[in-house]
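Across the two complexes that follow, chain A remains constant while its partner is chain B and subsequently chain C.
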Partner chain A sequence: MQNEFAERNKRYLEYVEIKSPKTSPWKSLFFAFLIGGLICCMSQAFTDILPLIFKGMTLEDAKTWSLMLTVTLAILLTAIGVFDDIGHIAGAGTFLPITGFANSIASPAIEYKAEGLTFGVGAKMFYVAGPVIVNGVVYSILGALLNYLIYGVIFK
Partner chain B sequence: MDTFFKYLLVFAIGGAFCLIAQILIIRTKLTSARILVIFLIAGILLESLGVFKYIGEVGRAGASIPIIGFGSSLAKGAIEAFKEKGILGLFTGGLTKTSAGIAAAVFFSYIAALFVSPKTKK
Partner chain C sequence: MRERLNQTIQFPNRPKVIGRHAVVGPKEGGGPLKEYFKDVLKDDKWGEKTFEKAEKKIMEHAVFAAIENAKVSLDEVDVLFSGDLLNQIISSSFVARRFNTSYIGLYGACSTMAESLALGASIVNAGYFKTVACATGSHFSTAERQYRGPLELGNQRPPYAQWTVTAAACTVLSSSEENGNANKIGKNSGANEKNTVGNGKPAQIAVTGATFGKVVDYGVTDINNMGAAMAPAAMKTLVAHFEDTGRNADDYDLIATGDLGKLGSDILRDLCGEKGINLGPNYHDCGAMIFPFSDSVCQGGSGCGCGAAILNTYIMDKMEAGAFKKVLFIATGALMSPTTAYQGESIPSIAHAVVLEA
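Let's look at the complex of A and B:
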């Protein structure tokens, strides 16, 4: 019985291996580089263009606006269902930039809305973003102490 | 520096980070959430060591838009506020500096969840 089960399991895995689409690793590397680079260029373009439209906007504010626009655009694309199609080709090209962080919040928020606004949308939103924010808070505090140790104490 | 060269560097550095992440996906089978956390901590570490500002000067959005830049902002916020306000700044700095991105992502995702119905998987 146990053996039969293992045998069936093995055959199933072989079947999956045959059926699952093969994407060439070189192609996926190329698209990750291309699309990742383009997203960064788009964001840089926002940073450069915004101060020309809104006079008196500081560079720091323009950077923040640009980040927010990139995030909003990623959520919009997630909402209309296009983001996953791009992400399928781009791989790390879309999920490593802030667009991936935005998508990781928007996607489960939409997916789990049937479970309610509190435990569906509110809780599932942070399935990926939660670990990012938790690690970010903890290690940024430790990092600031490390920075103080290096530049405030050792190389004073 | 002329515009074309500037954007070429943004493209190359932003693309290079994504390329490294894609190599990690192919070679190690790490989940995307883990890769995000690895890059985030790398950004925090590089900022804390005082190295990231050189990458940021050359790469601009290419360094700040990948999650490694998010980590760097968190650390930068904490470092600057620590100098200004001491222990209090240590705790307020990081999230203050990154609050716009987090708030925008949460706000618009909530709005999207209210109006959009989940799409059935193909």
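Let's look at the complex of A and C:
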């Protein structure tokens, strides 16, 4: 079948490509920048304000707390069903920061709760985040190996 | 009249629509067709624990309400034809479980309403069974989980995507009108001019023909672009229907596709234009009609419930009122599996057409 209709299908797919509406890059970029930027500003604000409230908190501690607060907020917004609405507009603006990672774990946890803790939440919780983690681990190993070769062997 | 011509069969015994019901979700119930949707859910979970249970409940509700509307007892229904979008058509089987009758489960994806009507009408026309129920349903939240991802995941939908309709509908067909609503009975189903408007009685709707579609695949692999995947199937079925019957698009008061969406119906117009079929203002797509046009629903509705709900409310209401006399309903289905889509396979699509006359 592939050969017989290859030409017809090729023509049709080219036509569909032209006919289908495209995402406007400028609009997407604008909202991603705006909302993603606001999220980053918020997290920076946590880092700056926390040491002022809790005397003696180091900058490192403040950064950790800031991350935890941002993640918690993203999970809360996911739980009350608001995060996906923001995500529809912001796109990469909410998906790329740590908020996207939090959402990608919280949303399957909510979704698959119905199938129970083991085969639902347990099995499916990392269904979206899993590939990200696997990629992260693989690339960090490659990075570390490269780092070792360059600085540990070549420029020793 | 020849009863069968290639893909098309005619039903000289005119199986009659004696009962029908559609129930829709809150989003659909607030759309442009809200005055036609008489049964609208306030909550799309309908008090159930899971969306799958809710889908089962709305389908059960639609089937029982349609049988009640037909004024027949449950025992008088000989066969239930039903299908849905979930794996193993589980919602339909749950409906059949509560229903003491023969059950024929169908999988035609979003084409199920036309498929069940065509099969139901065939069996009634042939006289094997007297009364059959044809049902289907879909739920946004169950379909989303099965075909895409978690509901609360904050990803963007491509602008050519569609929004699965939460709705269930059932049509009850019978070879005789006796059990049907007494006030619905026309004098003679053949003389369809007389029994419509004028005497105040609703016209009797009958299924008079069906064209069974062939699987068509033009190589679309993007599971979000179902309109583009299904439009060629709708075109092939339309071409076959017109060739087999010798009719043309102007012979119908309404040609309605099930859920091509705005993009898919535009593509269908183009594809039909190439074949010399001019789809005029009498052509509409149920998917493009059901929601108000907005960013979130993109190209409009999809799913079994989309065409089914509109057929059983808006279209049949208008037919009973005499506004439409002859309607061609073509429900299209993207017969895809997420597994094979990830493996890079393209989407086989199908379209079945039924002719309804009042």
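We take it that the second predicted complex is superposed on the first by the 130 of 156 C-alpha atoms of A that agree within 3 Å, B and C clash if a C-alpha of one lies under 4 Å from a C-alpha of the other, contacts with A are read in each partner's own complex, and residues count from 1 in each chain.
Following the convention adopted for this analysis, contacts are C-beta pairs under 8 Å (C-beta built on N, C-alpha and C of every residue); 3 or more make two chains touch, one makes a residue touch a chain.
Quick caveat, the model's predicted, so the values are computed rather than measured.
Colleague: A:I35 contacts which: chain B (first), chain C (second), both, neither?
Modeller: A:I35: touches chain B, not chain C.
Colleague: In the superposed arrangement, which partner chain does A:Y148 touch: chain B (first), chain C (second), both, or neither?
Modeller: In the superposition, A:Y148 touches chain B alone.
Colleague: Using the superposition on chain A described above, determine whether A:K55 touches chain B (first), chain C (second), both, or neither.
Modeller: neither
Colleague: Under the stated touch criterion, which partner chain does A:L13 make contact with: chain B (first), chain C (second), both, or neither?
Modeller: It touches chain C, and chain B stays clear.
Colleague: After superposing on the shared chain, does chain C or chain B touch more chain A residues?
Modeller: For chain A, the partner with the higher number of touched residues is B.
Colleague: Just to be sure I read the superposition right, which of the two partners does A:F5 touch: chain B = first, chain C = second, or both, or neither?
Modeller: A:F5: touches chain C, not chain B.
Colleague: Check whether A:A106 is in contact with chain B, with chain C, with both or with neither, and answer first, second, both or neither.
Modeller: both
Colleague: After superposition on the shared chain, which partner residues are touched by A:G81: those of chain B (first), chain C (second), both, or neither?
Modeller: In the superposed model, A:G81 contacts both chain B and chain C.
Colleague: Once the shared chain is lined up, is A:V71 touching chain B (first), chain C (second), both, or neither of them?
Modeller: first
Colleague: So which bits of chain A does chain B touch that chain C touches too?
Modeller: 28, 78-79, 81, 90-91, 95, 100, 104, 106, 110-111, 114, 127-128
Colleague: Contact residues on chain C for chain A in the complex?
Modeller: On the chain C side, the touching residues are 49-50, 52, 145, 149-160, 217-220, 225, 228, 232, 263, 266-267, 270, 295-296.
Colleague: Could you list, by residue number, the parts of chain A that touch chain C in their complex?
Modeller: Touching chain C: residues 1, 5, 8-10, 12-13, 15-16, 19-23, 28, 78-79, 81, 83-84, 86-88, 90-91, 94-95, 100, 103-104, 106-108, 110-112, 114, 127-128 of chain A.
Colleague: Under the touch definition given earlier, write down the residues of chain A that touch chain B in their complex.
Modeller: Per the touch definition, chain A meets chain B at residues 25, 28-29, 32-41, 43-45, 47, 63-64, 66-68, 70-72, 75-76, 78-81, 90-93, 95-98, 100-102, 104-106, 109-111, 113-114, 117, 121, 125, 127-129, 131-133, 135-137, 139-141, 143-148, 150-151.
Colleague: Which stretch or stretches of chain B touch chain A in the complex?
Modeller: 6-7, 10-19, 21-26, 32-33, 35-37, 39-41, 44-45, 47-50, 59-62, 64-67, 69-71, 74-75, 77-79, 82, 90-91, 93-95, 98, 100-102, 104-106, 108-110, 112-119
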